[in-house]
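Dropping the structures in below, format is structure tokens.
The following pair of complexes shares a single chain, chain A, combined with chain B in the former and chain C in the latter.
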Partner chain A sequence: MAEASSTQGGFGAWLLDPKRRGALLVAPALTILFVMNIFPLLWSFGLSFFNYKASSQRTPKFKGLDNYADVLTDEKVWERFQTTAVIVASSVLLQLIVGFLLALLFAKAFPLRRIVLMLVLTPMMLSFVSVGVFFKLFYEPTFGIVSYVLNFFTTEKFVMLATPAGAIAGIVIADAWMWSPFVMLLVLAGLVSVPKYLYEAAEIDRASKWRTFWTITFPYIKSLLLLAVLFRTIETFKLFDIVYIITEGGPGSSTETIAVYLYRTGFQFFKTSQSSALAYIVLFIVIVLTNLYLYAVNRREAEVS
Partner chain B sequence: MARKYREIGKAGWGYTAITTVVGLIYFFPVLWIILTAFKTRTDALAVPPKLFFTPTFDNFVSVFYRSSITTGTSQATDMALYFFNSIFIAGVSVTAALIVGTLAAYAFSRYPLRGNDTYLFIILTTRMLPPIVVIIPIFLMFRLSGLAGSYWGIILLYTAFNIPFSVWLVKSFFDELNPEIEDAARMDGASERRVFFRFCIPQILAGLSATFVFGLILTWNEFLFALLLTGVETRTVPVAMARTMGGEVGVDYGLLAAIVTLFLIPIFFVTFLLQNQLLRGVTFGTVKK
Partner chain C sequence: MKTRNLISGLMGATVLAAGMGWTPVSASDITITMAAPDWPPTRFMKEHFDATYKSPAGHNTTLDMDFIPWPSFYERVAASLTSGEQKYQMIVTDSQWLGAFVEGGYYMNLTDKIAADPELTAILQDLHPALVSAYSTYPHKTRAQLEEIGEVPAPGVSYYGFPQFPDTYVTFYRQDIFCHEGEMKAFMDKYGTNLPCSYEDWQDTDWSKWGQIGEFFQRKAGDMLAGETLDDDFYGIAYQAGKGYDFSTMQINAFVWQQGGDIWDESKAPSAQAEGVVNSDVAVAAFDEYLSYLQYMPPVAKTGQMDIFVIQDLYMQGKVGAIIDWVGLGEPVLDANASKVHDKSAFGPAPGSRMADGSIDRTGNIGGQPFVLTTWNSDEVVGEALNVVKWWLSPETQLEAVKNGGQSGRMSVMADPSYNSLRPWNRAHVEMIDWQKDVWHIPEFFEMLTQQQEEFDKAITGQISAKEALDEIAEFQQELLEDIDMIE
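This part shows the complex of A and B:
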């Protein structure tokens, strides 16, 4: 490459200079990211200081930090953050438990493992729309299978989505069902990283299963679990489609997550600037979480090597 | 990868039976969706819910052909186009992101720039962003530039959506390679291009396929961007699914289930074929051993 370019001279040679090879290879990726992600982000950052409405033709007026002040003092916003926190915490906890148990089950090699594993992995491949629609059907008081099964135990008609707690449970179950396999894959990755000789040593020492787990297995999967928690937290934080389809934020606004609220402010009420300001607050939280994620990753790397 | 599992312990057919039962319980909602696809409208909403029924293929037919109430003739729906759109858009953008991402990953791994880690951090942040944060300006940008509703627009956006993940994952695979082999090749007079294509790429093919499959799962099912940014001609299946629910007679669950079932098949087989590699995909390549 270098030899060929030196004969051309001019701009081509300058561009292909080995010194610039790194920059050249990175350029296409960064260009696309800049155009499709960073530029829109800067744009909305600008919008967040005006009173722009995507639905009206009026020239937007500069409002300074007013939008931020409005959003931060709005009680509704804090309620939405609380709802999001409750959903994220319970869903991630459930995913951890189910994913962990599934991983223990699938850590062994057994005949037809590849096929049986597909049964568990499939929920991850469904679209949010289909999970949302069919879980809504499952919860339906008349036709739904959940209510049908529960009616064996109680004579009262069971309406899952009628109460705030039930609606939150409904969303959490659907989301956790979909993403527990993901946690399972992570934990499996941790389980296979435990050196075999440690188990052999434990066997020679006649250590109990419980003790073997806590002293050998757990330390190896500890940081992976942390990683799973953070990654799933960041992802569940964005939860939109399932909530929007199953409950539409209801009953009342009891299941309206911050992502649904953002969507409503921006696309139903067309308060573009205000939703941009809120989006920036969300972005700040995401950056903090991403930093924690990287911290967990680095710790994992330090432990493995 | 597969061999490593065997070290944890081997089990026989009895264990297969246990895991199959657990697997089927977990799979039950999917099974129910698939069964619903074979039900008539009455069976789909039967009280109590029916597990056994006479199967019908009508739903699968009406995914692609709808009989007109007035004339009685059947008319092709646009669903075939939407399936094509989904495959085309996801296929092209995941591949494009993989190529662009691999080049960048190679640079980040072998020719670190000044501020390498900062770039990587910014790239990761863009992936962690809730799409809702950037969607307003993207929506405005697409409307102004005329990209809204075109293949170009949505492909470009999905490519951007997949790049961060491709860069991070593929970089970790490059990091794992032994640079001494590359140096030896260079000593033998191999050009940089040859080192990259003949020595590095073949060694990480498994990793590249993991990146591909994981990107595909995420892009395949993406809804929000597709809802706001595709037009009649470029609509993807998840958006079309959502639109089948809007009738005045309520959701046609049989029809919807048939679409979901058909839509699941391609991604199911890709995942099945590349299952072993997927394990690395979920950790963004951060788990190496």
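This part shows the complex of A and C:
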């Protein structure tokens, strides 16, 4: 039958034969994936073993693992990892606290709940660049709103980004503002999945609020919280846009995350091979975190089923 | 029948063309795609090209400007060049990029073309030597080295670019407050010297007075300023103190050079050293002086984010009395729709360091950009691109550009009697251009610049001292430059 149709309908019919249709449908996606992702990944992996500079047309020479050794022994790289760790830990913790409190708030019915919920979710729908620019202007000491409001209580303008600690706080607040709603959504999903009869039973047993939370609510949301922590850790680990726009890594290099440093190495200093090596180290860390994330997802699925 | 008509038509057209003196050969459609920062000097170039350009070779030439926002300009150009897409035939480039992209094989060496073309030679001879040195030569030759050779084009020197927009920094100031009688008297009473009001007053303004101005005009909301009550805090002065790109460096270099210090001198490589020069006592004192005036500037200075756009914005909002900024950013200041001080602003030369003989040294770091040709252009495109260079640098086009907020690098154009009155900052620009020097042009410039900007930023935000910052910079540069054999 297929032979007959290919003879009758020519190449079009042969191509659309049900036996080939599946492959045909996935081919464009696979091609794009290969061209845009897999090939560059393999290419940059190869580059990480050479001494290639994109700004130069000199023939690259093989360097083996030297680039990896250089990156791992570079003090600057470790400083940037430390900065990234501080920002990740602070931001994810703040997102968890704010997201959790928001979820508790929205788990209860109140007037205009849907509209307020929609407004609270808006930040995570904005682009990183917009959020970065907003917060840079908020923190501007001469005309920014933060300084303006605080100026009612102090005589001096408030200069948030003048110190390393203040600049880190500024980035953490911006990132947490953007992504706390995401944590809220996950936790809210957990909260609404708790059967009501468990709370009724706890009430009959006169359990305290804390005990009710710890023994009933928390078990339902803990896997989702873990998911939120891992997902946000992976994302914040790669944080670039907000940092670059708000502080450009300053004061000095005190807020320069590993992603910003990677960008500078690759696209400003044109140390292409060295930046490829660093990118693979970062990728390795992200893959480890992603595997933890997938493990948590699987555990959650097992719990639900 | 049709064929006979066609032949007759072609013969008629050829006779007509010959009769009108046209060249009926090799005319073709040429598109020159040019990477350009998105701002008024390049926007004007495109508008004026479309309105006036006629190819001397008879080509139908299109100038396709790829306007790129300033913050991503370097990255976009670098990505295009290094990806090998060969998109651009011409590029407006910062002078510092010359080394990276000449060594990469992307920018065309124009030395032979200039030598073979009397018109281009005449243009080069008429360009201000500070611009030729900064915008065109690679390996870099200083103005003094070029002047010592004497000939233009100089034998043994390679030329790459021509000025698209030569920029210098000048003082933008509020005439309404600097020329206010009450303020002038109060300033005289306090400091025993005059508050600069006229252009000539600014010619006699040194850094010390700049600091006094800063202190004098630092006012709180509710204080009086030029007879009016302020509704917000006001600041006397501002200059570049930004971590991004080259913002702090451009101003700090001026302090260092004026006081007799130096940066690593690429024109003396490999004998020139970084350690002992970059962190010399003179350089430390100069940097300390730069830092000492930040206390009188808007509080954003404490964040290390007070770049050229921030100070322009604060000035246009009426928050600062005087700023030192690029001429290229002057036009919006006079725009009534964008600037609260559009009708109150005047311009003077930037302050400098007072010398022992009483004169003022205003040595500064040149701004602006040359434009260059790329190496993959065909001979036909190269010829037409050079025609575009000649058109842009012709006196008529240059004067039109200046009327519309641009500047000229040609000495004959700057000497035109009408030049200074074309725009209010022109006189200051002409005075300042003679003082210009440039930062490094070697391929590693971005690495050096970024590290230097970081260390400057730490000092600006009070994390380290001027000496600590310069010691770090000197050590880094020494090591880097020794690694690439630029220091022996």
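The rule is simple: the second predicted complex is superposed on the first by the 269 of 305 C-alpha atoms of A that agree within 3 Å, B and C clash if a C-alpha of one lies under 4 Å from a C-alpha of the other, contacts with A are read in each partner's own complex, and residues count from 1 in each chain.
The rule is short, and it goes like this: a residue touches a chain if its C-beta (ideal position, glycine included) is under 8 Å from a C-beta of that chain, and two chains touch if they have at least 3 such contacts.
Note that the structure is a prediction, hence the values are computed from the model and not measured.
**Q** In the superposed arrangement, does A:Ala277 touch chain B (first), chain C (second), both or neither?
**A** Touch status of A:Ala277: no partner.
**Q** Would you mind checking which one, chain B or chain C, touches more residues on chain A?
**A** So, of the two partners, B touches more residues of chain A.
**Q** Is A:Leu289 touching anything from chain B or chain C once the two structures are fitted on A? First, second, both or neither.
**A** first
**Q** Could you tell me if A:Phe143 is touching chain B, chain C, both of them or neither one (first, second, both, neither)?
**A** Both chain B and chain C are touched by A:Phe143.
**Q** By the touch definition above, which chain A residues appear in both interfaces, chain B in one complex and chain C in the other?
**A** 54, 142-143, 267
**Q** Would you pull the chain C residues touching chain A in the complex into a rising list?
**A** These residues of chain C touch chain A: 74-75, 78-79, 81-82, 100-101, 103-105, 220, 233, 243-244, 298-300, 302-305, 314, 317, 319, 443-444, 446-447, 450, 454-455, 457-458, 460-464.
**Q** Can you check the complex and tell me which residues of chain A touch chain C?
**A** 54-57, 140-143, 147, 155-157, 159-164, 167, 247-254, 264, 267-270
**Q** In the complex formed with chain B, which residues of chain A make contact?
**A** Touching chain B from chain A are residues 1-2, 18, 21-26, 28-30, 32-33, 35-41, 43-44, 47, 54, 102, 105-114, 116-130, 133-135, 137-138, 142-145, 148, 177, 182, 185-186, 188-194, 196, 224, 227, 231, 234, 237-238, 240-241, 259, 262-263, 266-267, 272, 275-276, 279-280, 282-283, 286-287, 289-290, 293-294, 297, 300-301, 304.
**Q** So in the complex, which bits of chain B are touching chain A?
**A** Residue positions touching the partner: 1, 4-13, 15-16, 18-20, 22-24, 26-27, 29-30, 32-33, 36, 45-49, 100-101, 103-104, 106-108, 110-113, 119, 121-126, 128-141, 156-157, 159-161, 163-164, 167, 191-193, 217, 220-221, 223-224, 228, 237-238, 241-242, 245, 251, 253, 256-257, 260, 263-264, 267-268, 271-272, 275, 278-280, 282-284, 286-289.
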